[in-house]
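These are the structures, in structure tokens.
Okay, so chain A shows up in both of these, paired with chain B first and chain C after.
Our next item is the complex of A and B:
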């Protein structure tokens, strides 16, 4: 299909995208690396300090607080969300399932609220006294209705994990359901003939069948969780919460770079986050053996 | 028996998903005084439209909504045009540098967004776009994920169709516009919804560059309201409800395309 008239066409078609990509994608990435070697005060004043930003970062107790909080959130939400999403998807994937689309829509609906507006809603749901959560726990289990979810340091991360669970479980389920539906039905028949039980079918047919999607969702959820910001920032009233229990890595970046004006330090935090996420993803890919076996 | 257990589990989780949303709707019509008395929902005769009146009185809510529509609309249209045209070129043409280009773009997708905040602020500052809607729209023009979504989908458009259009005298752009884009309607729908939701909910970047309240988008404006009018829960909930409605409407219009588009990259990828 190579015609003379079409030789220049792809370049012309890609030009708008590539041009804006170079200015607003590639350039900022390179500039960010350079910026991370400077101390700055706003966009006008800067001084070269080499790797000092990174060294300072690793010795800053606030950064480690942020790291601990973010990691707690990431581990908690991935560990709770994904098994639940997968479980729901498996239930919905049964051949005798009625109302699959209705359930799928219901489970997905929190996602339509979006991150920011969910945070505003849950600020009131988690409020002591009149908040929906305390009122429900009181009505159902007789628990005290005075729990201060967002102003008790130990409860901040569990509360954030809970909101994330509400928000994203259905979203991940949509991926899993699509993956399950693409697993070859004959494999299950063969397994049944071989006398495989339900668990055995799950381990030997279902899991291998959805493995690429499973890995994709695990890696993406981890990367996403490590960028926790809006949920914490909005729920905690535009701050880091009691005893900095809700300080996250991106919040630390925002505070230093845009409230404190040190764009260089913010860039260094950004690259440190990128490094951590990259290492984590590689560990996950290695552990799951992705790429070793062909599909 | 087994079915009963399964449906109970699904029902329980449905309730957990829906209750907060029902509570949002109820709270939007609940008088502030009733928040203490009726934790779930007040009796029907106590429902009020007062929250909406006080919402519009307290803040330029309509202004925020118009700002959000303008920024999200402009961003989606530009992204749609750039990404679909680029995706078409990558799907249907062979040219020098294609592999390298795709590799570079895929690699940049691995870099977390916050890395770009500081240099982007510097760039937008030097372009004198701080505190402007253009400062929100311009950095959002590039959607690498979107371009790959279009490429993936347009790979399945048969070459014969393109060839036939060429014989009919179409130039390359006309082929894209009159043949490829129309048959890609589902993916266009999915893309529009995903891109719209992303921009509509964008918080961190607007929070960094917007300063004047008459330029605020909904997330920034509503969040501002929390600090200033802390006690007016009803108004806050009515504002939140109105803010999510456009996404819900768009979702119902584009539902089918959306689920297909969301899972396309993951399953076939």
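Our next item is the complex of A and C:
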């Protein structure tokens, strides 16, 4: 009796999580997968279309616009953010740097403000004619003050990347700071004795030392970038911007599901996005060799 | 031997705990669960037991409706009087019914959240409100699907029964009419006027022996005011080319629209082509041919531009006039409103923009009671509408309310113009706006087309511009038609 009870104990401990996961996690996942096979117009109007939603999606130019925009944002923000974050982290990890704690706080502080506040702030900064950025560019370089950062198709994505840079560089810097502090100092001493310069130390000591964190940040930033919605939604006035220049995959999902009312098509977009992110993450892990180290 | 002594000293409770089959931890968890359960049993979560639940996204609306909900009876005083004359015993019963207070729970929900919350509620069939206000652009999305399964009640029979149809300008109902059913009551009409800087324009025109009211067409407007134009410093109108807001105003003024009354897409018809071909050069032309400028419709710069005199006039629906009062306070006493100049002599002097509907959901607990309340807040006392008009400048479609003094007061901000009378004079001319579940997709495609047309005009000027507009609008419309073609014929399936 005692033996049976001991055997069942782990299952009983796990039961609350498993039950809530089945109800609130697994069921919605399966339900949304089934939903993606229907055209819907409200709860009582559904028609089974099989894979037609997915086939239509592949031929839908708006979806590809959204994909292109999202990929541009992901590449642009990750490619700029990570070197900047790492550079800041290396700079602020130096023991001889004065006021480094103050700077660490300053660079991290945009994260304390929240996305909505940041978006509102940048709406004012980027405003044409009377915004701070335009006024500064005009005063310093004589550039026109009427630049419409959020209303010119070519400038929408650079503006979004710029805001994301301001928001998340400090956040990623904290990850890198933690990683840098875990690199054994004796390795640098040994490298110095062996005649390695700063650049060589960075390539052969620092980077291998922080590699797991670097991969983690790259994968997480990429996934986060592919899920871009709130920032674009807020900055572009609840829309996708001029010429759909700010249309992201999640925004396209939102437009179809919650504005257009076709939750079936929206579910198909969601599952396609999930597939893309999965494949992309696997490629990143494969390229960086992250999986091999654990074996 | 020593161990046994300790065991004995532990006592029966400790022994009982030790004998628990899964140990102490599960017992603790179970105990905590029991305590939490008992607490909830003793202090149950309060669920409002209101007779009606209503969702509203406008704070001012919510305040007004809360006031109207106080003392909301089931029968009108008029009905009581009639019964009193006929049968005194019956009258006593009816009077008793009047005394019953019906509680209405007015819930203020964020503008963007209310649509999602309603959609989720309808899907899950949980916590569906009895009444809900939604914005015009989102309304069409809720009218999709089989007619008898739309989430809202058809209010046409109620409107006809209570003689309210005649009190509302017919076009105000068009937005919320689908396949012959009226799913929403219009809260407003939203005539569009031209708001302009009277302190700059009026003295200039006076020198030329003219008044703003004399400029009957857009051609007159741009020609007579051309002397005020200073490239890069002052423009004659704010027209945003990055979104379709201004375009829709001009389009409806010319008798066009995005959808027809029967739900067919018409965003690429000849009226739309001509409107686009006329509008884009206003902002895209070079030199002194550029008479209008884009500075965003919703940015803080929009107000700043008017205050600084970067442009001297804006398209102004009734709701925007109160926004100007709030966000461009510096212009107090310097602004005036005039009817929109017409596209051509004798043409329409107004247009339409924005709107809110009140719907009664199909799952309303007591549809008749919901209708009584809807009537009370939308077609109730003129004083109630007057109070709201003083704050929002929004014109109710209920003609009976227009007698309230609020609609006949001079407004100092608007150079002592009588705002209400200005809007009322245009109310019957406001063109209809037809909604559709595909409106967001159509508007997104219009935005795209506009940006393309703007770019084309900037690059190539007027050469081949109309043909480009025609082709660009057609490709945009074809995309939307492709989306619409996927929609099953729900009513046929029924």
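Here is the rule we use: the second predicted complex is superposed on the first by the 273 of 295 C-alpha atoms of A that agree within 3 Å, B and C clash if a C-alpha of one lies under 4 Å from a C-alpha of the other, contacts with A are read in each partner's own complex, and residues count from 1 in each chain.
In this text, a contact is a pair of C-beta atoms (placed from the backbone, for glycine too) under 8 Å apart; a residue touches a chain by one contact, two chains touch by 3 or more.
This one's a predicted model, so the numbers in the text were calculated from it and none came from an experiment.
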| item | value |
| --- | --- |
| Room on chain A for both chain B and chain C (clash or fit) | clash |
| Touched partner set for A:39, first chain B, second chain C, both or neither | second |
| Partner chain(s) touched by A:270 [first = chain B, second = chain C, both, neither] | first |
| First, second, both or neither for A:61, with chain B first and chain C second | second |
| Which superposed partner A:151 touches (first chain B, second chain C, both, neither) | second |
| Which superposed partner A:47 touches (first chain B, second chain C, both, neither) | second |
| Broader residue contact with chain A after superposition on the shared chain, chain B or chain C | B |
| Partner chain(s) touched by A:203 [first = chain B, second = chain C, both, neither] | neither |
| First (chain B), second (chain C), both or neither touched by A:255 | second |
| Which superposed partner A:239 touches (first chain B, second chain C, both, neither) | second |
| Of the stretches 6-14, 114-122 or 204-212 belonging to chain C, the one that collides with chain B | 114-122 |
| Residues of chain A contacting chain B in one complex and chain C in the other | 1-2, 5-6, 9, 13, 43, 123-124, 129-131, 237-238, 258, 263 |
| Interfacial residue positions of chain A with respect to chain B in the complex | 1-3, 5-7, 9-11, 13-14, 16-18, 20-21, 23-29, 31-32, 35, 43, 88, 91-92, 94, 96, 103-104, 106-107, 109-110, 112-117, 120-125, 129-132, 135-136, 139, 166, 170, 174-175, 178-179, 182, 212-213, 216-217, 223, 226-227, 229-230, 234, 237-238, 250, 253-254, 257-258, 263-264, 266-267, 269-271, 273-274, 277-278, 281 |
| List of chain B residues in touch with chain A within their complex | 3, 6, 9-10, 13-14, 16-21, 23-24, 27, 35-36, 39-40, 81-83, 85-86, 88-90, 92-95, 98, 101, 104-105, 108, 110-123, 125-126, 138-139, 141-142, 144, 147, 159, 162-163, 166, 171-173, 176, 197, 200-201, 203-204, 208, 219, 222-223, 226-227, 233, 236-237, 240, 243-244, 247-248, 251, 259, 262-263, 266-267, 269 |
| Interface residues, chain A side, partner chain C - complex | 1-2, 5-6, 8-9, 12-13, 39, 41-45, 47, 56, 61-62, 123-124, 127-131, 146, 148, 150-153, 237-244, 247, 255, 258-261, 263 |
| Touch list for chain C against partner chain A, complex | 21-23, 26, 112, 115-116, 119, 122-125, 138, 141-142, 144-146, 149-151, 232, 240, 242-243, 294-296, 298-301, 304-305, 308, 310, 437-438, 440-441, 444, 447-448, 451-452, 479, 486-488, 490, 493 |
